[in-house]
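Labels run A, B, C and D following the written order; every chain starts at residue 1.
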């Protein structure tokens, strides 16, 4: 019967879609978000650009594998990796202890820290410690003092942050009782709401915010307040991988180490961020 | 905050978003169509199960339609998107494969849509079957037709005629549901509009453009359905 | 053809009759309850009523006969403007309905307030009963007195019960229309229109939708109303009712009044060949 | 394979989302009914302008996905200075009200088709009877047409409320923490999609089950007047006849 044939065809088709990856990696599918400039973003024609787009091409050349890049919405990116939709994540994702329970990370290929942005002309622009960087690992007391210093400014305000981001973890820990926290699916959405006046502050990666603020149409957005990194914020953006693919992690680590050593990472970060994001 | 006009954004030059939006509209139609056809197969089977199946089969079909009508489509798409890969991989490994079965966003979206619309297809086909007069089937039997011939020559054409208006409604629903597939990262209209809105900070223009494209698709497909409804009804009426 | 003289109420000897406890009609002198003047009604190009003049005196029971399509229902429906006349004048209890030209060439009421007030003077009983299906029988009867005439609820309730008693379905007052037989429904509908204390009652083929065995119970109620001296305009196919109960018979043919007079006269020796033909064709 | 303690934890975390889900659905359908009624009356009115406006509204809403409508109202409106400086902004600023608006417009358009069907189903004769009693047009609508139309439309409208309840899940994309929003947040922390969504799905299923039972009970109450529903009263009627 026709129906039976159809079912058979569909099943066979599905089976062919799924070629198991061979043990030695010849082809890697890497996922990014495509909405987190300058790390990664989408151009009008649908193609991708950004620091990670340039970087993955370099790394794949070093690993001598063929790579394809796909986009995936941020809040489903880790489940999609574990579900086997792709093999690696390069989406400005910071390696945190919490995420490492589920997936593994390579060495970091960039870190800019997390900071705030506010609307130009608002009182929040005057938050103290602007331009200072605090490590939540080695300088924890100072960092926590800085948080106390900005609390009076944030009292009763609304902070926008991307769901499942390290900034949201930070806010959850330090500012949950001070301000109302609203979670967005993508960083661009909280930018829109900052400009529209629905939220008073947003928190995201320094690299993202400084680029976003420089963008045309965002002249009303300014970076403010202290910058935090390390600790619960993780050790910088890294390639996210399935735990069992240790061989792939070793390959990425080796390639990243090479790219750091020969200055490729510095060169690319200067191009995209305007400053060096090489982690040390 | 905005400066560029609607037409500056939506032009078809190298910096314009016109082609991207059109491409995304094409993707919307493709994934909706794939889901609709898949839903049709599921619905055929479901209707058969409800009409002619034995008790357990009927209960299963009822459970399927009840559950899928009771939970949000967004959840179904999520579940299917993530759960689908896991399940397929498990099956694949059970048969001795290694690693992961890739499950592309398009297939996931189409299948999720197919699964949700299948529940509606089931009800439409069932209703259409019951709308066929017993006399018409009896007459076919009296004319000495075999079961298969009766199905092919009498029941199917009549079924289609009764089902067409319902199918038109389902198509509308499916078309709109395809917007939810954007959560799987597939770049269809809704997702493309979000990307454009984010990149240019002009959300209104992008979402209105997406809305207009959806309306255009709706309008055209409405016409197609109305035409085919008229066609099928005329044919049958003429034969009477 | 209707001659002007036919429009006069021609049956003084039948001037009756015992006023029942609910009768509003005055017996003293013959006031005109309804006056229809030069009534025309077109449906598109079809002329259904071609100039009707009727004066109904208080206490008169007028049967309107005619073959189907003769315009008798339309005539009745024009009286309370359920159908908009194309031309003409309706006067109810001495008050003429004010009209103006509507969009489609027909007349329309110039003052809806006046029309609605006059409508409460005219009770109407329909062929299809038209009881409000979401209300009980009692609610149906109380609806207009309470919400249109704004009379005290308690008073309306007691009166409604009395009317239901009168038409013989008091024990059904809490039932919904769908639970009643056709005859019961029609009697409820009669009670409903009585409850407004109408000066005139219009009956639009009240027994046509009923099974033959249920016709009698409705006719009995109508006969009782006639005996009370109520003014009634009845479109009917019941020859028995026309002959025995009404004191005036109007025969409508192709939009004209073909015959108008006392039943004895009309049924006895009609001048109209059409009417004699019509009578002959009726089942007995 | 199924981790029950985790599912229990998920249930406990999703339960607080129920009030938000119910609020969105009920407030939106309460307001939406008026849109539905207004659009239906406009569509049935003889006035060409009114009818065209209503037709256009219904066409636009039914022809576009709710997702786009929500985005358009939430992000799209916020794009314009004149809206951000208008008296509406204190309301449009809140994602909660934007979601309500979007859901309300949406259900209004779908509901109007149901209401229109209900209005058209009112028997002409019963309206004529009301008219012959001298009822004004307003009174006829209030006492006869609407009560009858509501009874007719109720089952379909109940279905629409269930669809609306499912649609509230989209409010999560504009930061509202209803059931799906909480589920998405929990997934972002635990990365366990299937279990969390199974729990969320069951919650929706349960709410919709209760809702549909409620509609059925209401329907039974309102449908007392139809003979088929109450054999007992038919027997009573026959006995007394």
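Just so we're on the same page, contacts are C-beta pairs under 8 Å (C-beta built on N, C-alpha and C of every residue); 3 or more make two chains touch, one makes a residue touch a chain.
Since we're looking at a predicted model, the values are computed, not measured.
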Check your understanding: What is the identifier of the chain with the smallest separation between its Cα mean and the overall Cα mean?
Key -> D
Revision key, fill the gap. In terms of CA centroids, furthest away from chain C sits chain A
Revision key, fill the gap. Here the gap between chain B and chain C, centre to centre from mean Cα coordinates and rounded to Å, is 58
Check your understanding: If you average the CA atoms of chain A and of chain B, how far apart do the two points sit, in angstrom?
Key -> 34
**Study point:** Between chain B and chain D, centroid-to-centroid distance (C-alpha), Å
**Key:** 23
Check your understanding: Using mean CA coordinates as chain centres, what's the chain C-chain D distance in Å?
Key -> 46
Exercise for review: Scan chain D for residues touching two or more other chains and write them down.
Suggested key: 75, 78-79, 193
Point to revise | chain B, residues touching no fewer than two other chains | key: 1-2, 78, 82, 86, 182, 194, 197, 201-203
**Study point:** Touching two or more other chains - residue numbers and ranges from chain A
**Key:** 76, 79, 83, 189, 192, 195
Exercise for review: Have a look at which chains touch which and call the overall pattern line, ring, star, complete or other.
Suggested key: other
**Study point:** Chain pairs in mutual contact under the definition given at the outset
**Key:** A-B, A-D, B-D, C-D
Exercise for review: Under the touch definition given earlier, write down the residues of chain D that touch chain A in their complex.
Suggested key: 75, 78-79, 84, 89, 93-95, 173, 175, 184-185, 187-189, 191-193
Review point. Which chain C residues qualify as touching chain D in the complex?
Key: 80, 82, 112-113, 115-120, 122-124, 126, 128-136, 143-144, 147-148, 171-172, 175-181, 184, 189, 192-193, 196, 202
**Study point:** chain B contact footprint on chain A (complex, rising order)
**Key:** 3, 6, 14-15, 17-21, 29, 34-35, 41-42, 44-46, 70-73, 76, 79-80, 83-85, 186, 188-189, 191-192, 195, 215-218, 220
**Study point:** Residues of chain A touching chain D in the complex
**Key:** 75-76, 78-79, 82-83, 98, 102, 163-164, 182-185, 189, 192-193, 195-198
Point to revise | chain D residues within the chain C interface of the complex | key: 123, 125-126, 128-137, 139, 143-144, 147-148, 151, 222, 224-227, 230, 233-234, 236-237, 240-241
